[in-house]
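Both of the next two complexes hold chain A, though its partner changes from chain B to chain C.
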Partner chain A sequence: MSVTTSRVADALTDGRTALWALVGLLLFLLEAGAFLNFVVGLTIDGILALPGVDAAGFLTTVESAVREIPTLLSRETIPNEGYYDGSGYEGTFLGLSPAIAWALRATLVYLYAFAAFGWGVWGYRIYRRNYRAADWTPRDDVFDRFRGHKWGIFGLVIVFMFVTMAVFAPALGPTTVDQNMRNSYGYETKYWDSDSGSVETILVGDANLDSLSQGNDQNIGPWTYDDYGRFHPFGTMQDGSDLFTFLVVGSRISLVIGVLSVALSASIAATLALTSAYYKGRVDLSMVLISDAVMAMPQLLLLIMLTTVLRETWINEVYSGGFLLALIFAFTGWTYMWRSIRGPALQISEREWIDAARSFGQTPITIMRKHMLPYVTGYLLIYGSMTLGGAIISIAGLSYLGLGVAPPTPEWGRAVNLGQDYVRTGSWHISLIPGILITLVVTGFNALGDGIRDAIDPQSDSAGGETAGAGGGA
Partner chain B sequence: MSRARYLAKRLLMAIPVVWLGTSMTWYIIFMGPIDPATRLLSEGQVRNPAAYEAAQTQLGLNQPPLQHYVDWLSSLIVFDLGRTWLLYQGSSVNALIMDFLPRTLWLGFWSVLIAIFVGVPLGFYAGMRSNTVSDYVASMGGIVWRAMPNFWLGIMLLAVLGSSQAIFGVSWETLGPNLTSGISGNPDLSYLAGNPLAFFTNIDATLEAIKKVAPAAIVLGSASMGNEMRIGRTAVLEVKNQDYVELAKVKGVSDRALVYKHILRNALVPLVPIITSEAFLLIGGSVLVESVFGINGIGYLFFQAAIQGDLPLVGTLMYVFILMIVGINLIQDVLYTLIDPRVGLEGE
Partner chain C sequence: MSDTLLEVENLRTVFHTEKETIRAVDGVSFDVERGETVGLVGESGSGKSVTARSVLGLVDEPGVIEEGSIEFCGDELVGGNWDEHRGDIAIVFQDPMNSLNPVYTVGNQIKEALRIHQGLRGQAATDAAIELLEDVGIPDAARRVTEYPHQFSGGMRQRAVIAIALACDPDLLVCDEPTTALDVTIQAQILELLDELQREEDLGVLFITHDMGVIEETTDRVNVMYAGEFVESAPVDELFDDPKHPYTKGLLASIPGRTAGDERLPTIEGEVPTSTSEPSECRFAPRCPHAFDACESVHPERIAVGDPDADHETACLLYDDEFEESPPEDGVVADGGETA
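Up next is the complex of A and B:
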């Protein structure tokens, strides 16, 4: 304990490290409100789930107190929803026009995210130079190789921007999902009526009905205002709600389902691959048979079948059906990943150190975990990244068909479906933009996978995961 | 291990795979949380015990599960696929599949062919001119093309073709064979019925059917096209640096012969498994592509059966899909042993 304390003291007296810690603190303070809000919200949900504890009154006070903490990147600090009152904008940030105010907030969000990322990299480099006992580890080479891999960096940037979009979804949208889609008749908006020359009030739901994008006669295209002075970066949807808000919030569910399913299928695949590589023989053969049998059912069709069969179970209520979708993905998708890491796992199981560990009397589980797993995690990362892209395509494909994520929850594939009838009209943006976003994100995940592969194993040119990134043909 | 034994082993392995896959399907559908009998009946009928009983009896669900499993499996083995419940009510499933399958096969065939004839040459081209601007453009294009979701690509392609008059100044409908019945929809394959040779003799009808299905085939093959391009490029790069190519060059073999005889031929080997192993992409993707392009194929039939609740039909179709995939995998093994004599000799 004393050693750690003295090391911390050392670190703080060292100028660069102290600066680094200070910048970190500053970055945290800017968003402390949002962070505390998140933690408190999670705790409240947790406590309310416990039976017999009645602390609702106290908790609400805490919650509202936390809400009051100012946050730099929130809708309240930089509001974009204002109205024109004849001479200037009322209610927007510094009286800027809503478009500029929104663009400013979005830019700040991304600046903040990239600053946080840079801060992390900076910290790692300080650690590597000043504090780590070893001068060099093999992992350093991996990082250095990745840094020189332009295509991989491109993928990383795209993926990072996508993750930022999902994390900051509520702050990025020009309006909120609750106000604009779920409960649009529960909110009012003010606008400048040029006929009467005064500021009028209207229900958001009624305003939406006048902002539909349904072809040439009625269309609110990208980067325009509607009749009520509301700004729409990507235009409106066919029901008049804001497309950008829909997509930003939709990115969350795609990311959560994708990450959850890939993590699950990676752990299934790793466990089975290590087991079959360790025991070989019949165990291996039976696993080949099982995975072949699962693969013989085309993944997309299996997904359709399982979502139909499990639609009425309680598990489908969790997270608008997203949780169920992640589970189904994991149990249908592990085979492809298992296929890819079985080979490397088999090779490692032939090494001398495995024999040595066995003769030491180590248990099979320890051998698999300590002496085999570290050598296949790299492959898991590669295929995980590519499978994530495929999962995003499949989820979008399922919601395009009307399966999977339940309707009020925004999902990219549904936006494509909703805009399908208007592609050849002036309202082409409803279908086109989500598709471009999907393509971009999937390309990003594939590029990241390529970059990781070249960084981990520069000799390998096996075009692995060729089919992983295709999402079962969706 | 000789090649024959290798193939025999693969064939033997296919049997448990089909059995396992079919058993899983049976379990999901008949032992899952949904009672197939209630899904088949309308609201009113569910409350009518007689109707419910009848449905159960007809599905065989009043038997013990094991008995039902054996019955179901044995009727599948002899291709006694029964009758439908909701979709095309009461028609024989065999006849239905025979009606819908040709369109899917037609679509799948052309999507494989178009993908090969575009993807492989493009990949070879990029590989021969590696690290030039045209290589980067081709590679980048392939990667992005692959990342596009099929259903979206289909919608966009239809929109572009539908407005081709305005965009390109040429109307897609009248370009080449005339498409009188719209740019998407079912290809007319009736002329082939009972006379497969009509494919060559009645060339106009063939061309029209191809043109009708071409946009859908391009979309369905898009993922494979990107993969084939990428593998083709890597394969050429690899072969290009082999010693025997160097030797041939030193011997004074003409550039033309060098490229066609020594490089491209050998680069084809790794492409075979890619082409066939994408069968599941084609079959899975057919659901979405057939829905977008309005083709009444077997994927579309599967999707309709699933959303309308005809679960027994879903199970039967899944069996057909499993057979198709396992069959394609076997063909791949045969092709592979023919092309690459080393297969099976390394001792698996």
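Up next is the complex of A and C:
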């Protein structure tokens, strides 16, 4: 394809595009180690899963070699875990105090994430201005409207920060789950003992026992050090482990379950909605009946029952029970999305280009995929975003009740549950901080959904955004 | 060549709704021959479009073809045999804004049809699409083929829709009010284009419109449709010179410029009724200026009228010898109240 090659050559000789590519390369190189690590780890897991392949030794060498590649945002590059040796900090980044070192790393992580996002937007705009064949497509208006939608932008920022938290969870925490919670008696930590005036060593588990947050007598609040010189941005939990580490790792499971369940229910909903809109009549009616039947089942009771019944099965082992939760959410939640998408899908099925395609013999599946699906994806995004918020709240609610994600896997709802005895004491932070985070994230997803809706369909503008529709919006 | 392409016999398409069964098309019969243009004319709601959709097998639930046969080149289509003849019958819809998918380029949509019917892909398909756009008179086709529908003007879009229809290499072209959404000068161009294509490809055309002027210009034979039935069929000249059915007369009288001297344009009062059951009366009777008692109780059959060589039929009791009423003299606007 000579056309494509010359286009690439053109792009690289054009100053702005070349600059864009260079920045992209730079951004990638900063995290290349982490990326390679991830890819190699995945490949090795895949190879080891194959029966009859015995290359463990070689693979381990590769893995550790890859791990040596320096990455800007890893814990090792900017360490925050160090100790005071009487004159200054040992082991922390540039001898800064653990709090500052940690804050620096967290800030860099977020700067990097926003830079990557900005780079993506920049690339899209270059493509739109210089390379796309059409001067204008209807999507452009959608983007422009979203840009002027402050509430939607707020949602996007919150959601983006949440996703960044989940993606960079190991680098963000002041310590790791393994060291601080799972295997706390397998690690040691050094600290400055001011009584004896020397550096002492203690097991992390023992240190945790002296860092409990259990009310007014014993409390390590947000943004404080414990007796062993360890910094806790959000304080400690009731068992002395670090709340911030618990929360960042917990964000991963919430996001994975949420995205998985919403993606599953969105694909079920979209498939069924397109089918019922295309065939109408009896097919449509039977789907209405099925979805009504599913809707009639109380979702919470079903969740409680299924998680209890399936507790002992293998499916509950996958991802600490998160996979099972996602499945249950998907199979009870698709009906609401189906209801919402069926209307738009029926509307689209009345358009004449559908009949035109049928008249020249296009197959039903291609018509649904090519001529109908693009018109409901917007709605899928809106309802997906809003359902995701709901899913996150449900997951948190279930683990608050002691169901769902199995301990000790960190989950936000469990943090609320664990701290509820201390809400009225000095250890209020254990429940309150995860509670606020849940509220914020769910609000963020809903705001994002609102923003996308108003961007796609300006006439439905209800939030009083900048672009009021041409009347009629209720 | 004058072999028959399409033979529709006693077609009845009904829509089952919760309350009643609506007979949108109720027992119509017509033929379309190769190279012939057959017109279908009537008000909104008279069942023209449903007839067209029935011919293409595009009637959706709750609609169903209840009775009758549609034969294409001798093959019966009713009963789901459209797939074998997909592409042999192509359709051009009324609103070009709506019959092109705005998210794909025009070329992309032509290529979709080309791929299905001629197995063309990649560059070959692009070349064929450009050729088709040139055939329908779009200048600078090589550039236009990569553009989106919104970059086309209304007339251009309708040309592109015709190009898609031609990409299937059809034998029969169904035009469902192809010029209604266009302004008059563009209308003339599109009609000319259709006429040209028909002569080049020897297409049969089923032309649906409510515009008598367009009918007069384009068709060879006209069927006048009212409430799901054909009330009159005749060759176009015969119909315009010697209309028989009061409804046809009303339609012709309401063309501006035809009735000279009148200050106000004559109209047909009322609207097309929805037919829900086996007819036991003339469905036009409530609006007919010449209706008499029998019109309320007898359903008129189609009978031959006018020039015996012209194959002119109408379904009106005024021309039935069993009844005493005689047709009104032309030019006399009779008052419906003075019937016996």
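The criterion applied here is as follows: the second predicted complex is superposed on the first by the 460 of 474 C-alpha atoms of A that agree within 3 Å, B and C clash if a C-alpha of one lies under 4 Å from a C-alpha of the other, contacts with A are read in each partner's own complex, and residues count from 1 in each chain.
In this text, a residue touches a chain if its C-beta (ideal position, glycine included) is under 8 Å from a C-beta of that chain, and two chains touch if they have at least 3 such contacts.
Fair warning: this is a prediction, and the values are worked out from it, not measured in the lab.
Using the contact criterion defined above for the overlaid structures, shared-chain residue A:Gly197 touches neither chain B nor chain C, since it reaches no partner. Touch criterion not met for A:Pro408: it reaches neither chain B nor chain C.
If you count the residues of chain A touched by chain B and by chain C, you find the higher number for B. Using the contact criterion defined above for the overlaid structures, shared-chain residue A:Gly389 touches chain B, although it does not reach chain C. When both complexes are overlaid on chain A, the residue A:Gly57 reaches neither chain B nor chain C.
In the superposition on chain A, A:Gly46 makes contact with neither chain B nor chain C.
Applying the stated contact rule after C-alpha superposition, one finds that A:Gly15 touches neither chain B nor chain C. Shared contact residues of chain A with chain B and chain C: none. By the touch criterion stated above, chain A contacts chain B in their complex at residues 288-290, 292-301, 304-306, 308-313, 389, 393, 396-397, 400-403, 413, 416, 420, 423-424, 428, 431-432, 434-435, 438-440, 442-443, 446-447, 461, 463, 466-467, 469-474.
Residue ranges on chain C touching chain A, taken from their complex, read 53, 56, 58, 60-62, 83, 86-87, 89-91, 93-95, 98-104, 109, 112-113, 116-117, 146-148, 150-151, 161, 164-165, 167-168. Per the touch definition, chain A reaches chain C in the complex via residues 133-134, 136-138, 279-282, 351-353, 355-362, 370-371, 374-375.
By the touch criterion given at the top, residues 13, 16-21, 24-25, 28-29, 32-34, 143-144, 146-153, 155-156, 158-159, 162-163, 220, 223, 227, 230-231, 234, 238, 274, 277-278, 280-288, 291, 299, 302-303, 306-307, 309, 311, 314, 318, 321-322, 325-326 of chain B touch chain A in their complex.
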